[in-house]
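Shared between the two complexes below is chain A, which has chain B as its partner in the first and chain C in the second.
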Partner chain A sequence: MEAASLGTKAVSKEEDPTNRRVELMLGVLASSILLFIAGMVIFTFFKGLPSFAANGLSWFGAGGNVDEQLGAIFNSPAAPADYVYEFHAWPLIWSTVVISGLSVTIATFLSVFSAIFIVEFAPVSLEKLLDPVIKFLAAVPSVVYGLLGILVVIPFINDNLINEEMRSSVAYVIQLDGSSVLAGVLILTFMILPIMVALIVDSLRAVPRVWKEGALALGANRWRALVTVSLRAVRPAIVAAAVLATARALGEAIMLAMVTGSIGFAPNPLDGLLFFLEPSRTLSATILDGEEGLSVEPFGQTMYAIGFLLILSCALLSFAGWAVRNRLSRYGIGAK
Partner chain B sequence: MSPMPGSSKGTSVKARKRRARQAAKKSQGGSRKVGKKNSWSLLDRVGLATAWATGLLLCSIAFGITIYLAFKGIQYINLDVLITSPEASTEQSETGGFLDPMVGTVLLTVLGTLVAAPLGIAIAVWLTEYGRPAALARFVEAGVEILVGAPSIAIAIFGLLIFQQGFMAPFSFAAEGGEVFGRSFFAAGAIMSLIALPFVVGGTREALNAVPKHVREASYALGKDQASTIRRVLLPSARSGIATGTTLGMAQIVGETAVVVVLLGATLQIAPEGTVPVLDIFKGTGSTLTSYVYQNSPAGEGNAPEKAYAAAFVLMLIVVGLNLIVNLISRKGQQQWG
Partner chain C sequence: MGVVDEQENLTNGSVPPLRQIQVEGRTAPISVAERVEVPEFVDQQAEYEEFDDTQPEWFEQIMRTESLSISFAGKKAVKEVSLPVNAGEVLALIGPSGCGKTTLLRSLNKLVDLTPTASREGRILLDGTDTDLYDDTYLRRRVGMLFQQPNPFPMSIFDNIAYGLRERGSKKPRKKELEPVVVESLKRAGLWDEVKDNLNHPALSLSGGQQQRLCIARSLAVAPEVLLLDEPCSALDPISTTIIEETIVELKEDIAIVIVTHNLQQAERVADRVAFMYLGDLVEYGTAEQVFKAPKAERTKDYVRGDFG
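Right, the complex of A and B next:
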């Protein structure tokens, strides 16, 4: 790109009016996207402001049953002075952090190893077959994953992993029916896996062959050469893939609304393994579930507040990813 | 005399040549012969085993999902569900088909692409060919990246906020009290274009960057200015990249659910609004295959899993088809500057 724009700059005539007009028009069109994003951030924030203002920092905290609070907000009196705003989002935030965090961690591990397998070890025929398969898997709509989850994974968990003892042990707080953190993490992992694998495979292939051969010539075995040279070189791509996957995981609404039970419950780590079998609901799934209530003023404001939190975390995430990538890419290749 | 990897002693020149050719064919083939088993520590072996295990796991899951969906889809699909409109009913056999959702998917995809393609091409051209002032270009680049990462549900509710403003009433319809509904094919299509936009921009930029400098210079040498070079030389040669990006964007629109659920209303059938033909459909509400699958899964209101499987199968066929198109286009456009 640099070469191209250098070339054009040297030749283009600044004073040509047609050219100026074309440039101006394209520039305005391109800038409109910034206007849209700025509008999105600002309007979503101001729409959600009453919810933040009424709760202060306790908006992010724990306290009470979040579903009951949402119900009370939805049913608040018609007079603006009587609007109910009490809302403590911690169960939803916790659920989002747990589900996205776990699946991105697992998917990062799996994707690095599967990318290595595909590029370095898989037989050529399998490698050729896997390329389109991964592209296809990355394009499968999330609602299809959700359908498979709700019709296959959830019944499986309910029949095989949950016994009566478990059910009765938590029956006083929550009902276990298979829709769970486990189902969410499992499916989300395989949803983001193809995207990450595709990115990492691309940059592993771009590692210059001489780099690896240098390591081999120095006596490293194949695996060592791979880990010390190739894998180090593609670190920026791994970070980029993880950031993209986290953004996907944070924003995933449909699939998680279908398989995690849609109950505003914070799974308790003290429950041991039961933790994974308890239902919960992420932030984005909450917006989707509350979609029909958006026109109820205080409820809508609460939803927009959640939306603002999501946008903000995704923007911060891509900024953090950019910073890490910048540091790593001095000696790396791939995503810049 | 066997050209087996690892047997470094006593191979003939011919065998070595053959091996060199194989190595050239497969870029990493050369390293295969070097690894001596005895230099592998336990950790290295565990790593190798993990790589194989995860790789095979990925394969098996990919094929598992594909085969299971194909099996279920073929089991439940028939001509009837393709040509009848959905009906509300508690009996799964009386819920009709998904003609309307299929039409909805097509309408929404066309609408979204019609906005996303020109806008995306304009952004990509400006970024690669002009990009002045540089700071603004960096911001636009970052903006496109933010758009990729932004949760579609957040974009969707912002879209609802826009289309519920009073002046947006022509794009959906206003209730008695002046409150604008904000949900229509127009609204959903406009927001969908933002889902597809980054893909169009990405594809076009890649293609424009691949056009060598001397092609632009040849055009200037013939007396064309920058604007007409873009129109007559660069865009035609970036055709396949533009087409790839647009098709990828279309696949995103087809698969997007959250925007449909929030912005298209949740009517099973296409419900026109107003009196002007054609325009009334776009002002009205409807459904798409994705929202149909969602509504008919146990999580939705319909709960007709057989219909959901059939619709999911059709959805997958569309996505596979779009993927094949992408493959075809990018293969055809590859050797352009070779």
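Right, the complex of A and C next:
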């Protein structure tokens, strides 16, 4: 391309000083971003290290009331030697896993089916309408979702799904008022759905028409052609969308802090349906809630530790997503 | 395979019972592969030799269109075309771009029905039966198709060939059962020697010519009686084209072939019969020799001489 645009001069890349300058600049820029990210991760880790060091592996485990522990850390004596660090994050981790996991699972199914409908079955007029609407939905600020959660979803759950019997059955542990895992999962699903649909729609549209026609020409019916060829081909995109959605779910703090009750409580699956109606608090929401205490050193360090766990989870998630995508696309275009 | 059944038709002088079953019970069609295993198969080829195959009437029409018109949003792309497709022959559809030859081809396996604006008048007969009586999926197994662009699926070579077989029934055949068919199909498409050690490799890692032969093998695996080729060599280099053309000539013994081509030399090389289309009309139909050497219509004369198109 470059040689062609330069016509007969045909200057090679190495000889052209402008190219080299641009290359150098972009290289510096790209590597400085990498350095910056690495620096941030390392910084967060060392800041949170005292909290990890004081608790060891039990940092990740269960034990005691996590909110009381946070209170004790916040009220640590002023002398560094007397800092309180005891912290067992399990209820927060569990809450994060449950809420993000459920939301992403539900959203994955919903988004795949919505995308199929939009691309394959919706009339063109509807398709044209849905496209911008979905992209708009992906951009609605999460605090608005939180507001709707508090004003609409929580009262609905409190009035319709929770009865007095349920309330009294767990009254000695926790108070049920509608702020719950269910509210968090419902709204979070709705929040991450649009971006997933948008990504899957784009990749479904990119499936070559000749693949679908090829499948039909071999006697597959329309649905089978869709499942065995189109959906198969977009599996890497579905994984990518799910990873992106999980990252967003892990990082979502404001909305979840607003609608899940913000109580460091691990909902118990043995409670049956009550499980979904119990309050909890995710890791991100904990950092948001702890904002006022950050000036207290051990408390800040505990928050750094939580932050590091979040960064680490996202990194592992990206890596796992990359590995799965690689495996799924080994037969795809450009396969070797 | 079409030849075989037609032969049966001729010798018995009646419609074979299998056909009747298919017409009545179109929801549970008998697969072509099962029918191939009819024991009479061996004799029939020998009997066939006794016919004077220079006489057109001995060629059975495996497929036929009757006053077939295809319109897109009211605009006619194919106008009242009645065209026979003979078993054991290659029929080439030629004509300038936009003359409706690809539309005609795609209507033979009803792929054209996928276009929402398309509408059809007239009939398409397969073995004397109106194809409207068949499920589309069943029709497409008997009438296979090869596209202009090689279109292997993003799967392994094996899975590509096995695709049609796996989609044929509700019960998934096991890999062991599929293997002989896959091997046989690859051999008939002339690809076996090149891929026999790499059946698990991605089909998309093959070269363009190999991909197109893979697509031929994929069609053959479901044992079609007619194979539709839509400019199968237009994306290929001359060597791959030669190999594909040789394959076509070999295959026509068993499978009636309809090929759309812009390449008149190719039509001359592979076709037994040629249909020349212009602006949706079937202008001329005849043996390849007649159409190329002594065209009757003025338009055909101009086209095969290269005056237009």
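We take it that the second predicted complex is superposed on the first by the 306 of 336 C-alpha atoms of A that agree within 3 Å, B and C clash if a C-alpha of one lies under 4 Å from a C-alpha of the other, contacts with A are read in each partner's own complex, and residues count from 1 in each chain.
In this text, a contact is a pair of C-beta atoms (placed from the backbone, for glycine too) under 8 Å apart; a residue touches a chain by one contact, two chains touch by 3 or more.
Since the structure is predicted, the reported quantities are computational estimates derived from the model, not experimental observations.
When the shared chain is aligned, chain C comes close enough to touch A:W211, but chain B does not. Partner contacting the larger number of chain A residues, of chain B and chain C: B. Contacts of A:F156 after superposition on the shared chain: neither chain B nor chain C is touched.
Of the two partner chains, chain C is the only one that A:A233 touches; chain B does not reach it.
In the superposition on chain A, A:K47 makes contact with chain B only, not with chain C.
Once the two complexes are overlaid on the shared chain, A:N221 sits against chain B and chain C alike.
Of the residues of chain A, those at positions 213, 216, 219, 221, 224 touch chain B in one of the two structures and chain C in the other. Across the complex, chain A meets chain C through its residues 208, 210-211, 213-221, 224, 228-229, 232-233, 329-336.
Residue ranges of chain A in contact with chain B, taken from their complex: 1, 3-5, 7-8, 11-13, 16, 18-19, 22-23, 25-27, 29-34, 36-37, 39-40, 43-44, 47, 110, 113-114, 116-122, 124, 126, 130, 132-137, 139-144, 146-148, 150-152, 190, 193-194, 197, 205, 209, 212-213, 216, 219, 221-225, 227, 243-244, 247, 250-254, 257-258, 262, 284, 287-288, 291-292, 294-295, 303-304, 307-308, 310-311, 314-315, 317-318. Of all residues in chain C, those touching chain A in their complex are 109, 111, 114, 136-138, 140-141, 144-145, 147, 149, 151, 153-156, 163-164, 167-168, 202-205, 215, 218-219, 222.
By the touch criterion stated above, chain B contacts chain A in their complex at residues 26-28, 30-32, 34-36, 39-40, 44-45, 47-48, 50-59, 61-63, 65-66, 68-69, 119, 122-123, 125-132, 136-137, 139-140, 143-155, 157-158, 160-162, 179, 194, 197, 205, 208-209, 211, 213, 216-217, 220, 225-227, 230, 251, 254-258, 261-262, 266, 290, 293-294, 297-299, 305, 308-309, 312, 315-316, 319-320, 322-323, 327.
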